[in-house]
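Two complexes, one shared chain (chain A), two partners (chain B, chain C).
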Partner chain A sequence: MTLQDHITRRFSEANRYQFGLLAILFVSLSTLPLWAPITGFGGLIYPLALANIWAIFAMGWDIISGYTGYISFGHSALSGAAAYATAMLATHLELPLAATFPLSVVAALIVGMLFALPSLRLRGPYFSLLTLVGALLFYRLLFVFNEYTGGELGMSVEAITYDTTVLYYYTFVPMVFIALGLLYVSRSNVGVVLVAIRENEPAVESAGIDTTKFKLWAFTLSAVTMGVGGVMLAHFYGSVDPTTMVILDRSIEMIVMAVIGGMSSILGPIGGAYVFILLRDTILPGTLGLGGTQRWFALWAVALGLIVFAREGVFRKLWHGLGEQGSENESETE
Partner chain B sequence: MVDLLSILITGAMVSAVYALIAIGFTMIFGVGGVLNLAHGGLLMIGAYVFLAATSRIPPVVAFVASVGVAAVVSYAMYLGLIRYIEKDVVITFLATLLIALLFQELVTMTFSAQPRSLATLVPGTVQIAGTRIRYNQIFGFVVSWVAIGALWYYVTRTGSGRAILATSMSERGAMLTGVDISRVRAETWLIAGALAGVGGVFLGSLQTTSPFMWLDPLALAFIIVVIGGVGSIKGSIVGAYLIGYLETLTVSLAGNGVRGVFALVVVALIILFRPQGLYGREFIE
Partner chain C sequence: MSEHTARIARRSIGRRGFLGTVGTGAAALAGCLGGGDDDVVRIGHLAPRELDMGIGATRSAEMAVEEVNDDGGIMDRDVELVAEDSAGVPSEASTKAQEMVQQEDIDVMIGTFVSEVALGIIDFLADQQVPFIVSGSASPEITRDHAGQDYEQYRNVFRVNSINTNFQAEALADYAEFLADEHGWNSFAVTPENAAWTQPFSEILPAQLEERGLEVALDARIARDTDDFTPVLDQVEASGADVMLKTFAHIPGPGMLSTWRQNEYPFAQEGINVASMSPQFWDDTGGGCLYETTAESGAGGTATVTEKTIPFTDDYQERYEDRPTAPMYMGFGSYDAVHIYREAVERAGTADYAEDPDAFVDAMLETDHVGTAGRIQFFGSDHEFPHDVKPGLDFAPFPVQQWQESGGGEKVCTFPREIATDDHVMPEWLA
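Take a look at the complex of A and B:
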């Protein structure tokens, strides 16, 4: 059995074109710090290091919202909880990373459960709006308890490193492992049940499957992912504050990434995160020279256009395009 | 006692405006099944059109103009985009949120991010039972109730209004009786936009006018709608008064910093124990 067979059997029924695309992307991204400075793309290392963290968020959102159709508008509260837990434990209790990291993931999990337990009784827009309210509430509380959270200015955290190459691998490697883990779950029977919940929850229930249990597991997985990402983001910037971590816009960004990449595909949201972060931090401000407000206006306008005209997701379209390509060629050779 | 009275009066004023905002929001959901997260953005447009217009024309004319602009923008949003995507709930949800953000950036570009104060429609104050009240507050209260009354008359007593009510009750039923659903939906967006325009001008003059003013009223509208029950005008009014008083009470007891926090907690509790709201129906996909 070749490596390709092994991987495709495990994760999907990819043909050689799709597999080739994945392989090329993986190799070029995993060697980015080696070739980027030589070819003049050195400026991409830092934004892509950040994009890796956002890819984690987008995947974390996708495993609950993309798969089950329970659209959360409050996921920035989960990553924000982990980031703030890291900052508060490090500042007030002076704990080392070995302690703050697991505790912060637990913090994200707790907030996630606070969201999930009441929310999962509700369907459709009610669920979405309750998560939106949850994120707003979390944002407000940061200001109410400003003596612990540092209010608007936030708090400082130890930065991981100032070497962009090291920084890149610090974000890239966990991102890959999380992607593999979530892909494994989503391609297993669990993923099938989650998608079935999205399509027709009463039918799944009448088949004797406890949907609440599956939704809770998906939420747990999502919250842990968000927690890991939140800790990474805190150490990436070396600071946490309400605007970069928790504000509603951050939740919207995660959703936009997942949707433009292609919901319920795990890999799509990674692509969405890369496109979005490059657009936000490199292409719009750098290449097109748009500043401040104009940049955000252009960004949201592009996002709206992509969401309306490529509802399935840009990367899903690409993927299926390659899939059709493969099947045509195969039928020719037969 | 004076404090309590003051809370009662200020609460009554602001709650009327909240009711107006929530009714527009719930109407669109009731009729089209669309949660319009750009509703707060329409409020903001109303407030900023008023701000821009009052430098040239008298406030009352500017008020009419801002209501008109908000209504037209809402109508155009529906005809230009929403009607093509409304079948896909997630996409519509996200699209309206992005539209709200686009409005926010547009307003920031044109007027800067600084909070502005609006010209008062009716200047002056009056003492009622020891509480100083601005005429503007009273005017907002009266106009909101007149608008609510007019809307109530429209949807219960006139043919085209009853078509809206019928559509929100049962789309299939309405269709069978010859109601043109797409026309009803467009009309609902027009009305909701106009209500948002009225609400925006008053909210902008009673609280703040800034590019970020869309979010809190949006959250409020949602909270009120959840409390009152989706699609119910009566529920929206009751919910608005509940939240309006709760907020006024919180602000006067604990300061402006916690504005809204208790309202959010209350809605979380209500949604837990009575998901269908006080007068409404549960959302069923």
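Take a look at the complex of A and C:
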């Protein structure tokens, strides 16, 4: 069995075109700092380093909401909890990264469980509403405790590095490992149950499966992922503040990234995050020179357009397009 | 770009994104090829351009760059302004600073209004060996807790404007003494907004007031997201204070002022209110700001702080008819910073800081520049606030302006007496 066969069997039923696309994307992204500066794309390294972190968030959202259909509108509270835990532990207790990192992930997990435990047993819009209100509450708490959180302007954290190449790999490598881990889970029987919950939860329950347990596991996985991303985001900027980390817009952005890329696919949300961050931080303000309000208006207008015209997600559409291409070619050769 | 690379880019980000990316890449490439050792000195300017303050500052920096270019540039090299919008948010500013240094290849960074933004990019600029001339952020941490702790690492940081808030706290206490002399107001409610720059107003100002024999009736920090000011105004009233001595940069305040004036609360509105520095604040508040004062560098262009203040303000007003119709305090700072940078580079003989940091730092420390906001000199390396602008009437003064009814609502300079153009007026309901 070739490596390609092994990988394609493990993760999906990709044909050679699809596999080729994945391979080209992976190789070009993993070597970005080598070729980008000499081809004039050096300006992409920093925004894509940030996009890697947002890809982690989008995947973290996808594993619970994309797969089970329990749509969370408050995931920025999870990543925000981790980011703020990092900043507060480092500033107030002067703990090293080796301590702040695991504790911050635990903080995300605690906030996640506060969302999940009371709501995952409920049907209908309650879960979404609870996550939405939970994120609003978390945002306000940052102001209530502003003597510890720095209020609106937040607080400083040690930046991980100022070398963009190193920064890129600091974000790219964990993103790839998280993607592989979540792909593994989503392609396993657990993933099948999660999708089945989305499609027909009563049917899954009537088969004797405790759906709440599966949802809790998915949420745990999601919260841990958000925690890792939150810590990374805090050290990426060297600061935490409510606007960058917690405000409801950030939760919506994660959803939009996942939807643009293609929900319940893990890899799609990575693409969605790349498109979204490049639009937000590079193409709209830099290339098109849009400032302030215009930039955000344009960003959301483009996002809306992509959602309307590629409902299943841009990258899923591309993926299926290549799949059809492959099967046509295969039938021709037959 | 090879066809292969183009194909990868096309696949990964789609057609629209691809077109944009090509543009970005081309711009980035131009930046890489154009910077560093070429014939252009690039001055970076970072300000929140959704605020009047940031617009005024950016325009003022543009004016200074134009003047420098008209006068032969810097060491015969053209000067280019790379102005970006910080949005007043540290993370956004970090992204912009990164682009400006690594893509646009700026030689110096001037600007920042929000102190947290300055503190958010200070490590990056020190690491990248880019001079940072602060023209609007006032937190003492910017100098004291950086160059003051690790001079070698942070000697690239200078502040031309405004005087840091430790000095502002002392100056406000002097101003309070002036109010006590003028109107017999002896009791003060110290109400800073909750932000990095206002720490000294909580830590130093109350003691400074008491040293001058004045009473501190209330000492309370105001949350920045406050939108109902009635409880705050009631609290000040209950304290029996004659003056609400506030320091607001981020709290907008129009609502508070109209509540204050309509209800004729029995105390005056004094101190610092950045929103009130806008010449358009009278219209914004429907005249609700009448009798309010705000301290502002360069006296907001209302008085002759130096011989350059009024001509610069007039020149600004001739060029720009839309808001803000005055440079506002950061504008004076950014304008002066460009000229000070030029003089220092010419003294040092190089715009390449990394090549010879000592030459630039020494040249900056020799600065004795009569700017629009005062005579600018910096404290040396041994001072508690290394490279901070010297405060005081002989250097960078702390002028206070009051909104008065003359001319259909205008700001006039009322303090210090040496440069004041008009008397301070007591609100009519307090008389």
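List of remarks:
The definition used in the following text is that the second predicted complex is superposed on the first by the 334 of 334 C-alpha atoms of A that agree within 3 Å, B and C clash if a C-alpha of one lies under 4 Å from a C-alpha of the other, contacts with A are read in each partner's own complex, and residues count from 1 in each chain.
Everything below uses one rule, namely that contacts are C-beta pairs under 8 Å (C-beta built on N, C-alpha and C of every residue); 3 or more make two chains touch, one makes a residue touch a chain.
All values reported here derive from a predicted model rather than from experimental measurement.
With the C-alpha superposition on chain A as described, chain C and chain B fit side by side in the combined arrangement. Looking at the shared chain after the overlay, A:143 reaches both chain B and chain C. When the shared chain is aligned, no partner comes close enough to touch A:166: not chain B, not chain C.
Contacts of A:294 after superposition: chain B is touched, whereas chain C is not reached. In the superposition on chain A, A:248 makes contact with chain B only, while chain C stays out of contact range. In the superposed pair of complexes, A:93 makes contact with neither chain B nor chain C. Taking the C-alpha centre of chain A as the vertex, the lines to the centres of chain B and chain C open to an angle of 70 degrees, rounded to the nearest 10. Look at A:42: by the touch rule set out above, it reaches chain C but stays clear of chain B.
When the shared chain is aligned, chain C comes close enough to touch A:238, but chain B does not. With both complexes superposed, C is the one of chain B and chain C in contact with more chain A residues.
Once chain A of one complex is fitted onto chain A of the other, the partner contacts of A:128 are limited to chain B, with no touch recorded for chain C.
Put simply, the nearest alpha carbons of chain B and chain C end up 6 Å apart when the two models share chain A.
In the three-chain superposition model, chain A touches both chain B and chain C at residues 143, 293.
Contact residues of chain C toward chain A in the complex are 1-2, 5, 8-9, 11-14, 16-17, 20-21, 23-29, 31-32, 49-50, 85, 87, 89-92, 94-95, 98-99, 102-103, 114, 116, 119-120, 123-124, 127-128, 194-196, 223-225, 250. Within the complex formed with chain B, the residues of chain A that make contact are 69, 71, 73, 118, 121-126, 128-130, 132-134, 136-137, 140-141, 143-144, 248-249, 252, 255-256, 259, 263, 293-294, 296-297, 300-301, 303-304, 307-308, 311. Interface residues of chain A, counted against chain C in their complex, comprise 21, 24-25, 28-29, 35, 37, 39-44, 46-47, 50, 143, 146, 150-154, 156, 159, 162, 164, 237-239, 241, 243-244, 271, 274-275, 278-279, 281-283, 285-288, 291-293, 302, 314, 318.
Residues 29, 35, 81, 84-85, 88-91, 93-95, 97-99, 101-102, 105-106, 108-109, 113, 215, 219, 222-223, 226, 257-258, 260-261, 264-265, 267-268, 271-272, 275, 283-285 of chain B are the ones that touch chain A when the two sit in their complex.
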